[in-house]
Amino acid sequence: MAYVALSEAEKTFILHGVEEDFRCDGRSRRDYRPMELETGLVSNASGSARLRLANTDILVGVKTEIDVPNPLTPEFGKLEFFVDCSANATPEFEGRGGSDLAQELILSLQKAYESSLAFDYRTLCLIPGQQCWKLYIDILILECGGNLHDAVSLAAKAALYNTKLPRVTATLLDAGVTDLIISDNPYDCTRVGIDAVPLLVTVCKIGDYCLVDPSAEEEVCSTVSMVVAVSMRNNTGRCGGYKMLRPFITKFLSTAYLSGTHMTGGGSMHRETMLNCIQLGLSIGEQLNSLLVKMLKAEEQRVGPKRPKTVGFLK
Amino acid sequence: MAGRMELLSEQGLRLDGRRPHELRHIKCKLGVFEQPDGSAYMEQGNTKVLAAVYGPHQAKSKKAEGNDLVINCQYSQATFSTAERKNRPRGDRKSLEFKMYLQQALSAAIKSELYPRSQIDVYVEVLQADGANYAVSLNAATLALIDAGICLNEFVVACTASLSKSNIPLTDISHIEEVSGGPKLTIAALPTAEKIAFMEMSERFHIDHLETVIETAMAGCREIRDILERAVKEHLIHMGSAADWARVG
Amino acid sequence: MLRVAPIKNTLLDGATITEQLYTTPKDCEDFFESLEKPTEVKATPRSTFIRAGVLTTVLGSAYMEYGNTKVLAIVAPPRELMRSSARRMNMGVLNCYVNFAAFASGELETVPEREKHLGGMLTKALEPLVCRNEFLNFQLDVRVLILDDDGCLLSTAINCCGVALVECGISTYDIITASTACIYKNLVFVNPSAKVEELLGQHRGADSAQMEEHGLLMNASMDTFEQLAQCQQCGYMKPETFVKLLDYTLEINKSLRQLIRRVLTDRVKEQHVLDKKEQEAERQEDERLAGIIARLKEQGLHEFIQSNIKEDPYTKK
């Protein structure tokens, strides 16, 4: 993580702010910083998104490739994440300096997307057992202003929403060989389903309180944080009906699922604190998800199905 | 295809519809990021580059030898920047080469006598590559250096040029023209002083044409310089409007 | 096991016959059926064997068997930090490296990736445990060798490292214990075996039409102050399932803690006895020397040397 030097006094100031529920930038503990999102600005990629969360700047490009599915999961396509920490963000990332951070982000994303319930790998299948799409989700971190996990997952989801896969038809040739025909029409595309795609919410513990969307300074003050991957599913499915539900969790039962959660930051926490963190993460994740989907829809309306007019970094 | 593809149509238009001396559309912006001391974004046609400058700061121990200024560059290309996915963003031969060229051209422009025992970091990130990557990177780096307030002798700008089959020089080569196999000349110049800081060429043409091609590239450099200068002025007026500078402009 | 190898039979005329090698959801179902399923959830650890100080060459070592999973952990005393970039942190740096023994895993291609992953997770789990402020600008290397993998790898490695750290004399805040539980098709497996873990990992819930939770939870806790050092969940589950699995693992951690505690106290006692013996030997040696010195004083130097000269058996002839 980019290094921020803070004195004890500054740390105490931030800590007291968190205790009062009035953080340095005027937010409460449950507020996010302003976000800017734009999709479809990299013309060399099948899908792309740029997210700016205050000072955190992420650019995601999705590239596609046709590959052979894993023999154990013949009906599944493939996803591969790649994170590059650009030296633009901080000189520390020069050369291979950012690879540790990149690795951590890749692992969190991989874990969150691992389950086929979180990401429907079937939509990436062309011919079961023979051909499938492989999506490369390439994430470029251009500036670090804290809360990278959340920003990266939001940008990745937006980029997946923006991804257009050309329609592919298969013809059966002699001797059982199949041939793929990729549609020539650039508008004849399929999309990737993103309904259940998880979002990561980092819940940061500062002092005795939990908060979301920590800035870089707040991250320094925190002893431990919990990365909660929240996936929203519309169908409630068959509920197991466990009796030992905790009242505060039942509120979100209908749709929110955990799809990969872990702790970072080198500290430890109490069981109850952790449950609080998860509860907070779930509720924030739910709101964030619905807002993101709304924003993406609005964005699509703005640019229309034709070639979008992009703003990029020129705003 | 035997021989190379014709870069110029019979009507005298290029593959993307430009006239021979026409530059691609340039858009640029200074100060895109908060954290670096200077940053700039530059679009030349479909080539999009971000540059960030950190410094001048104390030189890292191993690099500082003597009193000189260390200019530390890094050139990296996003994995999704090209049509074919790149496996790694930096560390390949080409980006190391570009890094050296950047250092070379920038050291000609920066007033290094003002910054003894210091280091300036210039990081260039190509977001989308569509020809003339080096030239656009250098232009973006110049803007970022200006945004960081580092003293330059002059704008250092780069431009590419090529020669069509009918011996008509072409300015600002796009990717498609690069790969369809014409010669490519890259020049980094200090246009007002009419000095060339760096020159690189690939493939061949007759030496008689060299002068005209260089002149074409220099003309391109001058044109880009004017665009950059305008952008810098606009940025300053915008930034300084709070301090009532606008009337000065 | 649920493994397939793509085989192509090449005929003489160059044509190939590929066999239907791919697994279907039904195969997974069959595989699941073949597994031994728990009738009730018993939150108890597997049969465990732990021994601290198994190696003489390193200061801190521990060996642990958790059912069939066998792990060896080695801790060397802190040494000065190599990378200067990490130096400005006001904490010591903890590095964990995990290696599979060549015979430990069937799939060789994924080994380097898994090693790296486990190493990272292990570091994260041990960071809250070690008093890192005690060795500023130093790094502590923890190495783990996996001899046999039958599930619960990470949690076993954490337990084993906890013991090795104590054995090495590194100050820790508490005793760390870890365990794993998972859910598949509404069945809870505590301490899942490698087979169950494979089913979870590879198969990834073939039938998403009918919602079924599947997932794994690894929890490392320090029970004195009821702190969770690391809690890692993967798969897809409801929050209340998470809580349920968490409570199971906490239960197991409690009993493991008893065990590790006993092992550590036994080890201290054993060491004490050894130390006693050593002291005794030293004392005897001292006595012997004292006797010699006394004799020397009594006899004077010349006489003492004469009395100690023994005839050389070779020159005697």
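Should a chain be cited, it is by its letter among A, B and C, assigned in written order, with residues numbered from 1 in that chain.
Heads up, the rule we're going with is that a residue touches a chain if its C-beta (ideal position, glycine included) is under 8 Å from a C-beta of that chain, and two chains touch if they have at least 3 such contacts.
These numbers were taken from a predicted model, which means no experiment stands behind them.
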Of the chains shown, whose Cα centre falls closest to the middle of all protein Cα atoms? A
Measuring between Cα centroids, which chain is at the maximum distance from chain C? B
Could you work out how far the Cα centre of chain A sits from that of chain C, in whole Å? 32
Chain B and chain C, separation of their C-alpha mean positions in angstrom: 54
Can you list the residues of chain C that touch 2 or more other chains? none
Given the complex with chain A, which residues does chain B contribute to the contact? 27, 29, 32-36, 39, 41, 43, 46, 48, 50-52, 54, 72, 74, 76, 78-83, 85, 89-91, 121, 123, 125, 127-129
Going by the contact rule set out above, which residues of chain C touch chain A in the complex? 2-6, 15, 21-24, 85, 88, 91, 116-117, 120, 124, 127-128, 132, 186, 202-206, 208, 210-211, 213-215, 222, 225-244, 246, 250
Residues of chain A that touch chain C when the two form their complex: 3, 71-76, 92, 97, 103-104, 107, 111, 114-118, 120-122, 128-129, 175, 224, 226, 231, 233, 235-238, 240, 242, 244-246, 249-250, 252-253, 256-264, 266-271, 274-275, 278-279, 282
Using the touch definition up top, name the residues of chain A that touch chain B in the complex. 2, 42-45, 48, 55, 57, 59, 61-63, 65, 82, 84, 86-91, 94-95, 136, 138, 140, 142-145, 312-314
